[in-house]
């Protein structure tokens, strides 16, 4: 198919925009310590570029795939880039989130926080550019280069404040797991590359995705490639059991970076899984889907259960990200299962739900992380045990955070609910599967998803109420607290608006997502729901048919607004608006202080009891005779003890073992050479 | 003519510096000779690129794509090392760790070492190759013990004995090779000339060749630092002056591996089996895994990077053993980027240790505060050597790993494990050295960071764009290796 | 046009009937406990009285605290509108299906919990925490109940579910039995009834719902009380629609109101009596038994789905 | 005629092997040096005979170099060294001598077996010498492993060189002259460096016991 100039434009624009990001980043090196130049010029420019990326990507949705080749890379393997609908939707996500986060960051920068602002800006913009390149890459090498650059630049961002040992440790863990994941992805590409093995003519050109797509693999190797890819991308996404870096790295990073990592970077891993499993392998086996589903559910539940007991607000959000990633993988698993049984429409439904949730999570999680950033700046405090009552000094942040909280908890009429709704719908259609065991498993999985969603509500109430409601638990908190500046507010409002719009116009979004599912599966849900959607009204979301299920968020919102307005009016009209202030009810105990409020630990105590086996709890209880009674509870991750420490110990053991090779005695060394020689001679002659 | 300059300049430099190496300007002369060698090498390279492979001096010297790029690389690293060593050795002298006489020894031996390396690379005679390798050991052994400390003497002694014994095996292998070749090529028909051997390799006696290859592999493998023949390597790297560590790691190992590869080509042709490849893969994999585990318990920074060199040599050996155009291409690229990166790291480490007055990693902290260039140089170098893109080490590891997945999938779990362990160990140790707080005062003298960043820039370039003519060399050389 | 009128009628009916239902349950309970009963319209009197009173607001109550009652009230009104009581063909029907209904309840719960924590007193937080504890198990259980019904009727739309279930031959769905028990348990918990909560207690240590709204007064409290009544009404109608759908008219005809309205009233009366009976016969359990209680409900609901898949799809 | 010389060479080869064994079993340093000298002499003789038999003139040069280097120069240097360093006492071995001898016999059998198929291919008169050369190399290796002092280790190293040289001359009638010169030069320089080393080590440790040189290790 010949590409006309007009069609070529999108990818060229995108390349130009990526370069623009890099240039903006490099410009930061001109005046690395000039805060106002970096903050008030470079970051807003970066935000504009992000907006442009989003627009171009939006334009490219549903267009024919465009390709470009850059004159760099390995010989015979220049960087191949390709823009199809799958890339476009993730680029849209990246651009839109980057626009909000960059503009926020331009207001967020402060003097004397870790890395020099110019350098940080360089790292940040390389991070953005490499994420865009990951999404555009069309060969294994370009993909890996972009992928690891992304890991590296984000590592430096995470360790901006490298003076703290904890932050260094978090960054270390992050980069280590990312690197191991990357090697695993690399090996997956090694399986996928089309060369036929020893003796066959090989060329670097075998590494392009188009060659991989065209190559068939037998079940074993396809599964190997899939497994390795899942391991690699799962490590990046924070899938169980490779999630441990996530709750360490996200809190350590500056808030805009946490937002970027959680909102966008995790999605690139999702993109990778989609790319490999639906595009490059395109003939899934049913058990892949089940495995992904199981892992996803485990991660979702794990994330929810752990985020409930966190007492650091950014850690809480980080665990919540694990939960959401788990839900995304549930969607992928369902889609894979359906596709393997040839139920393409249902696969498209599950995939749509998944992609929708990607967009949603990017919007609300970025929003929440940015809100924590504002809180952090206002109070210098991350611990939920000391915050409280911030809705009074910072109403903007609080109300915008409330939107994020409602979206994150999956409540109507915001966006989180839409994707959850779609996902549950996908579950409800499963009983047609030809495999009875899976049929039985699906309802249990649906129950788990429902439970996760409900737990998310618990977590979000805890997050919002402890941070913003009640009274400040420490005196100092409320003294310096101030609302976010206007640039920060602009970023927050942008992301909150995305939450609202994504929640209110699902049909429009699904129409766009349809391009993606059509690219990957050859089927979509928009057309099947088309009659309902077009003939009745375009507000009605009815993925299969209006009889089966439907949801109209706009009507929903209007109803609530109308009732609220009417009630308010009637109450004021027929009665009065009189109001008196007085002290709160103190139960007859007049010495109450703000410190007597329920703490974060207290709030999650019931859950800690219900889900006790999930946690590794250490508790110090004071006795009644303690002079300075101290209550301490530490909640740890079993995986750390089950998986990571044994691995660390095993490698330590290996290190001790090999150390015997190097005992300093020259005779022994000579003996090694001697034995090597003798053994080899023996082998060769034998 | 182009060629003789390449060998002549360092030889002359060795002699001249033996006479005037103690003068105040000796370091500059050293750098000057190295620069001239580099220019000659580039000139030679251009010549070869334009005119194709050449046999010189009654076929005694041979220049083909495989060695000419190594010649250029050797000359380049030699030059940058001489630049680095200029302030480095001067400070050592100021600190009283070195006398003027030893500086003379150092400068002279440095040039002689370059000479032996270049000789080993360019000679067509397997016997001369052996002689040059042995001479390389001899020139560096006194450099390793330059400080005359207990530890450096011990290291040099081990280096001498182990490499001497190892290289003796290589001589036995060479004799066996000659024994086999003599049947075919006659006594005086240049039976040790590699090009001649290569032409008739199919007719060489397989039984003898298999034995010969074993001896050659064990012999030269000792110099490559393949496990379990590696024991001299960490000691020698850690105790010698840092410029010597840089050239040992960046050049000597490469040249030894080059010798192994030359032998492998012959063995492959004669044996009609993959025996040589299997042996190399075995050694390579063992080196990678064992070296990776060694890394985690290191306390001395130079020692750690010495083990890292073993690991990388293992990767290259594995790649060459695997064979095929892609793997060999990857192996050659890896040799290049490893020597550039590793020498850059040693340069940075040199400044860091000189500043902190210790090689113990626990006592080096917050380099980025003391000197941002040293800190970032070490950080970026470490990331590059760990295979982080967009640096070139990643490019070669990419090719090697993906090919391994296709051709030798059984090996990939080991590689995955080893690379993971290596990353965890090295990065875990370097990160707190570079970042964090430091109580040390800022560096009083300006570090010579130009070589570091030149190397890293080259490595970065190789990761993103390999110049077409370089790629063409690699490709031809890879075809050669098979 | 008819359908819009009917929809409006349903809303008005819900607003009107909800306090009456609460009053009726209180009356029944009083009778069962041998007490003299308060008048049927007692909840109305209370609401009106509260509207007339001044609002007494704690010093550090935020705007969220003041706006929450309106949101909660609106959410409950919406929920009551969506549940088909008088007709299955309601214009707002497609706006929200069963899952969205669960979402609405959850939305109201989140707001009331947030409002409870806004003042920052120990009681509010305690209540909110307990409310969320109840909610995180009750919500998925309710969802699973709906799923069982949806699997039978191949739809999550409430109208379709009701139509399908009402039209079935007298087939016994064992799955619906499980779902029914689960639904009952969830309803008790969700409406702050014994054995999970006690609507009449003011003993702080045992309160859930009452603890959260302890700081409310005046019109705010009135709206919340009304919303609570609406919630019970919605749940009751929901139960009736799912398990006793007979008598709910299909299509939007005023004529069918003649059957629909009386049958609704009768069913509600019976339901209210049964609720009072349950409350009288059971004792309030410790708060930490509540997760077990709701976990059982959740398991039963999931079992219902499995039973459906195992026994009923084969046919 | 050739077979007659062949027998002489074989005899010399046997002598070489015997000397290797003797060195393996010898405790005294002075005797070791003398044995090494004898080995050099045998080597020189065999090279000369091979040169005579085959008419390869450059082998005479090799023989001469051997004579100069291994019979005269190196033993002289070694003698001088031990005088200067005052180390004449017995050599301690790490493994006791009978065991070492047993291992040595196994090695000889092993190398003969290895060399057997090759020897049959050889067109030279001295077909079995390759096996003996290999055995000599391995025995020298063994000696290096079992000695804990620096000087005996070096003698072992030189003895290994002898075995190699023997292989080069008798089995292949000598390598090209350039190579042999190069090898000789390396050996010479190596010895000089070793000498320097001995003094340095001695200066540092007051002893040439290489057990002092066991500090660099992994712990």
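Labels for the chains are A, B, C and D, by order of writing; each one numbers its residues from 1.
Note that in this section a residue touches a chain if its C-beta (ideal position, glycine included) is under 8 Å from a C-beta of that chain, and two chains touch if they have at least 3 such contacts.
Predicted model, so just to flag it, every value in this text is computed and none were measured.
S.K.: What chain pair has the highest count of contacting C-beta pairs?
M.R.: So the pair of chains linked by the most contacts is A-C.
S.K.: Round to the nearest whole Å and give the separation of the Cα centres of chain C and chain D.
M.R.: Chain centroid spacing, chain C to chain D, equals 100 Å.
S.K.: Return the distance between the CA-based centres of chain A and chain C, expressed in whole Å.
M.R.: That pair's centroid distance is 36 Å.
S.K.: Just the number, please: Cα centre separation of chain A and chain B in whole Å.
M.R.: 43
S.K.: As a quick test, compute the distance in whole Å between the mean CA positions of chain A and chain D.
M.R.: Here the centre of chain D sits 69 Å away from the centre of chain A.
S.K.: Going by the contact rule already set, what residues in chain B reach two or more other chains?
M.R.: 157-158, 161, 165, 169, 211, 234, 294, 297
S.K.: Please output the residue numbers of chain A that touch at least 2 other chains, ranges allowed.
M.R.: In chain A, residues 658-659, 661-662, 666, 670, 673, 677, 681, 685 touch at least two other chains, as defined above.
S.K.: State which pairs of chains touch, listing all of them.
M.R.: Touching chain pairs, listed by label, are A-B, A-C, A-D, B-D.
S.K.: Would you mind writing out the residues of chain A in touch with chain B in their complex?
M.R.: Those residues of chain A that touch chain B are 71-76, 140-141, 144-145, 147-149, 151-152, 159, 162-163, 165, 168, 171-172, 175-176, 179-180, 183-184, 186-187, 189-191, 193, 195, 197-198, 202-204, 207, 224, 651-652, 654-659, 661-662, 666, 669-670, 672-673, 676-677, 680-681, 684-685.
S.K.: Inside the complex, what are the residues of chain B that reach chain A?
M.R.: My answer: residues 157-158, 161-162, 165-166, 169, 210-211, 213-215, 217-218, 222, 227-229, 231-232, 234, 275, 279, 290, 293-297, 323-326, 368, 383, 386-390, 394-395, 398-399, 401-407, 409, 412, 416, 419-421, 423-424, 427-428, 431-432, 435-437, 463-466, 468, 471, 474-475.
S.K.: Which residues of chain D touch chain A in their complex?
M.R.: Interface residues on chain D, with respect to chain A: 94, 110, 113-114, 138, 141-142, 144-148, 153, 210-211, 213-219.
S.K.: Name, in rising order, each residue of chain B that touches chain D in their complex.
M.R.: The contact residues of chain B facing chain D are 60, 125, 127-128, 130-131, 134-135, 138, 141-142, 145, 148, 150-151, 153-158, 160-161, 164-165, 168-169, 171-172, 174-176, 178-179, 182-183, 187-188, 191-192, 205, 207-208, 211, 234-235, 238-239, 294, 297.
S.K.: What residues on chain C touch chain A, complex-wise?
M.R.: 51-52, 54-60, 62-64, 70-71, 73-75, 77-78, 81, 92, 94-97, 99-100, 103-104, 106-107, 109-110, 113-114, 117-123, 125-126, 128-130, 132-133, 135-137, 139-140, 143-144, 147, 150-151, 154-157, 160, 204, 214-215, 218-219, 223, 287-288, 291, 298, 301-302, 305-306, 309-310, 313
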